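Labels A, B, C and D are assigned to the chains in the order they are written; within every chain, residues are numbered from 1.
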């Protein structure tokens, strides 16, 4: 049997995610400025700031609790990314417990993308976070945690890269038409960063 | 001349205004972290009504919290949806065990956050249903795939009649039907003479030449699809009444509830003149004004504009409209 | 950007607005030739209350005609006194045999025309007494020979408490004493961020540089005696609270009725922020906010401004303030 | 005994007053424009128009009724001149009956100026209509109607002329200080026109 994702693992993962996001923040904000309304950086920073505070406020020994705190941070943020990422992390929380094995995490990721699609009505190719989420979910076999996370990260990164040449069909960047072509979708890139942060 | 506002830090504007509101109205209670307004004293168990949306539309929604209308209101930042977390907390606070009716204006952010809050609340054991308000005829594109009509003046009508029905013991299911029926019988359209100025900003969202108005304007300072020539109140009002009457298929002898709403900087004298014109225009078509409400209830900051909402009347709606209401902004 | 209004012919503006008002409020009756507004249904005999003045201040006065407040209102042209003939006719229509109390804001034209109407009505057998409202601290020059302080926000307070007392059967003599006592316990002061635009006109009555406000402004679009630097709501409100507290000699533990009034284009969010600041400023001085009213009740057309009225509270005033009132603009 | 002022006499007098005012209207309006707020012409024209309408609307065989209709016309007009002239004519109406002898008319004029002074608080020399009214009242002996009216007209005209060199102390022209010096007071001139109209 492969290793499980424990509470401390989840917490470290989320901490790395916050750090990586902060490094990339300016670049991500710039993407939304070019193809959306420019608030993506602020929205995400606010959500992750809240998530960090919530994680340190209460004890979160359980993996599910860590994801729940991150979910709450996002659900208390504006924009479209706030509530959608909030529900994504909420599904991760619901699928996990004190810890999570590969199958639980894969199920959580699959449930997450399903919820995001149900709420946002986006398909792959619409130039949204779904373009990274869905390939990542499909890359996870539910058998080996580390292998799954590596595969998900690679798939998410490829999905994010694929958004560059697309015209957006959902979200604010859909209003700008061809102007969005050539610009990566910041939501999709953030999904890639999320999976990439799983490995120390 | 530049526009200016009475405020301290623009970032604290909504929060400080809410603090002032509840200081002036002890019947309301303000919660922060997350922010929502709820009735301070809860009466008999009944279905709870929760609405909300971006700020800048006051007195809507927080001014409508009270007996016979809302149980809680969830204000976002100016012109920005409240978060799902706020709505979830307000839903929990409002619930009296008989379920919660969300009244949501049709804007992407509001819809998303209220839906998420509804789902989370449902998982936590609260029955939640939603009535979507999409009465703005100016945004009726007929496009199935598009965002649909925006929500505007009918919000007040739905909050009033569903509030009255809830107070009288209607079930959540009944309220959903009533709310949706009211929306389907209501259409609105607005005309603006000037844009809206964000708190802390010196210029309105758009500038109009002296001889033009924005016809079919929304409530977030955005431009309308159409510009029409500036004209007399009579002429401008006719351009609202005509399309509404046509869309609602009002016929000679039909009765309507008329809601003439000031969008911010429109003076009571102007609203009275506009209502007179609505009354005349409907009268010429043989449509009866069964009830009316004229005042500044759903604003778009300091926009100079008027919105007109017509709701096809029936006995049930009138009875509920007439029922007692006790809120900061609507009392009878 | 030029200012514009919803109107037809500016000369018909007030008349058409009055027609719209009574169409929306069947509890009111509009008489023309001469023009006044009176309650449509008269109840038990009691002392009748008549007020009026120039138009452009709506909802004052016509919006305050109804149970618990005025019996009749007499509107002049915009910012111009009604004529003595109008006031005489309104007095006659309002009288129920128990005398008529005139509530008159202290402006030369209003005073003259109400006085003449009072004398004529008296000769015709109606007992008429007058309460003069002169609460505007900004015009307190101490000059015995001058026109005295202007009348402003205290008008609403006097109309409310005397209206309630009249409804409860107070005699004309009692009402005069009550009204004058209320005025003597009330002081007001206002600050404006912009001027008022006459109907049909494109420019406001005065232009302000971005960094200045009119401190101690009146309700007729005239300039204030003082210009002060533009500042935060907190700072501006302190410049109203301070002088009022000093003049009313309010001490730690005293209670006041606070009336924060929007002068036209001031948004409900701004008014709430201002009330919060009033509450804080009074709180720091240990003065208690016993009652409060926050809203747009006494306007100066589309002026962006706030007036603050403080009335030293006592049991009788509070009881009368709390009494039932049913008018278009004030209901509880 | 001298002749009495009958209803028809009063009516003709008022008609001449209206006509003379209309001839002088532009000049009077100009006076208020130079030293007041410029609405005197409009105010008087409106009052006299209403007065004419009211006189022709109902029968007014009595002198008192004629003055009552004129009074109503003024009392339904704005400005300061409207209500003050309204009360002036009201006193004339109250002092007269079907007809008026010299004593009645003199008493009416005296009561009129007393009322105007009570309401307007103006003294002679304040540059108002009182500067013409009071001398006129004092010139009337109450013995002979025609002699009284001639004396009143002369006194009123002299009083009006005296306003030219005054600084105003009442009314709107008091706000303009020295600017009013050199300008006749339109209210006082109108009083002169009124008495001058008494003779065919």
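As a working rule, a residue touches a chain if its C-beta (ideal position, glycine included) is under 8 Å from a C-beta of that chain, and two chains touch if they have at least 3 such contacts.
Bear in mind that the values here come from a model prediction, so they are computed numbers and not experimental data.
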Where subunit B and subunit C overlap in contact partners, by chain label: none
Number of steps on the shortest touching-chain route linking subunit B and subunit D: 2
Inter-centroid spacing, subunit D versus subunit C (mean Cα positions, whole Å): 35
Centre distance in Å when subunit A and subunit D are each reduced to the mean of their C-alpha atoms: 88
Cα-centroid distance, subunit A relative to subunit C, in whole angstrom: 58
Touch relationships between chains, expressed as pairs: A-B, B-C, C-D
Contact set on subunit B toward subunit C in their complex: 1-9, 13-14, 16-21, 23-24, 55-56, 58-59, 63, 193-194, 199, 202, 204, 207-208, 210, 230, 232-234, 236-237, 260, 264-277, 279, 289, 292-294, 296, 299, 301-302, 304, 306, 331-332
Footprint of subunit B on subunit A - complex, ascending: 72, 75-80, 82-84, 86-87, 90, 119-120
Contact footprint of subunit D on subunit C as seen in their complex: 34, 76-77, 80-81, 83-86, 88, 108-109, 112-113, 115-116, 120
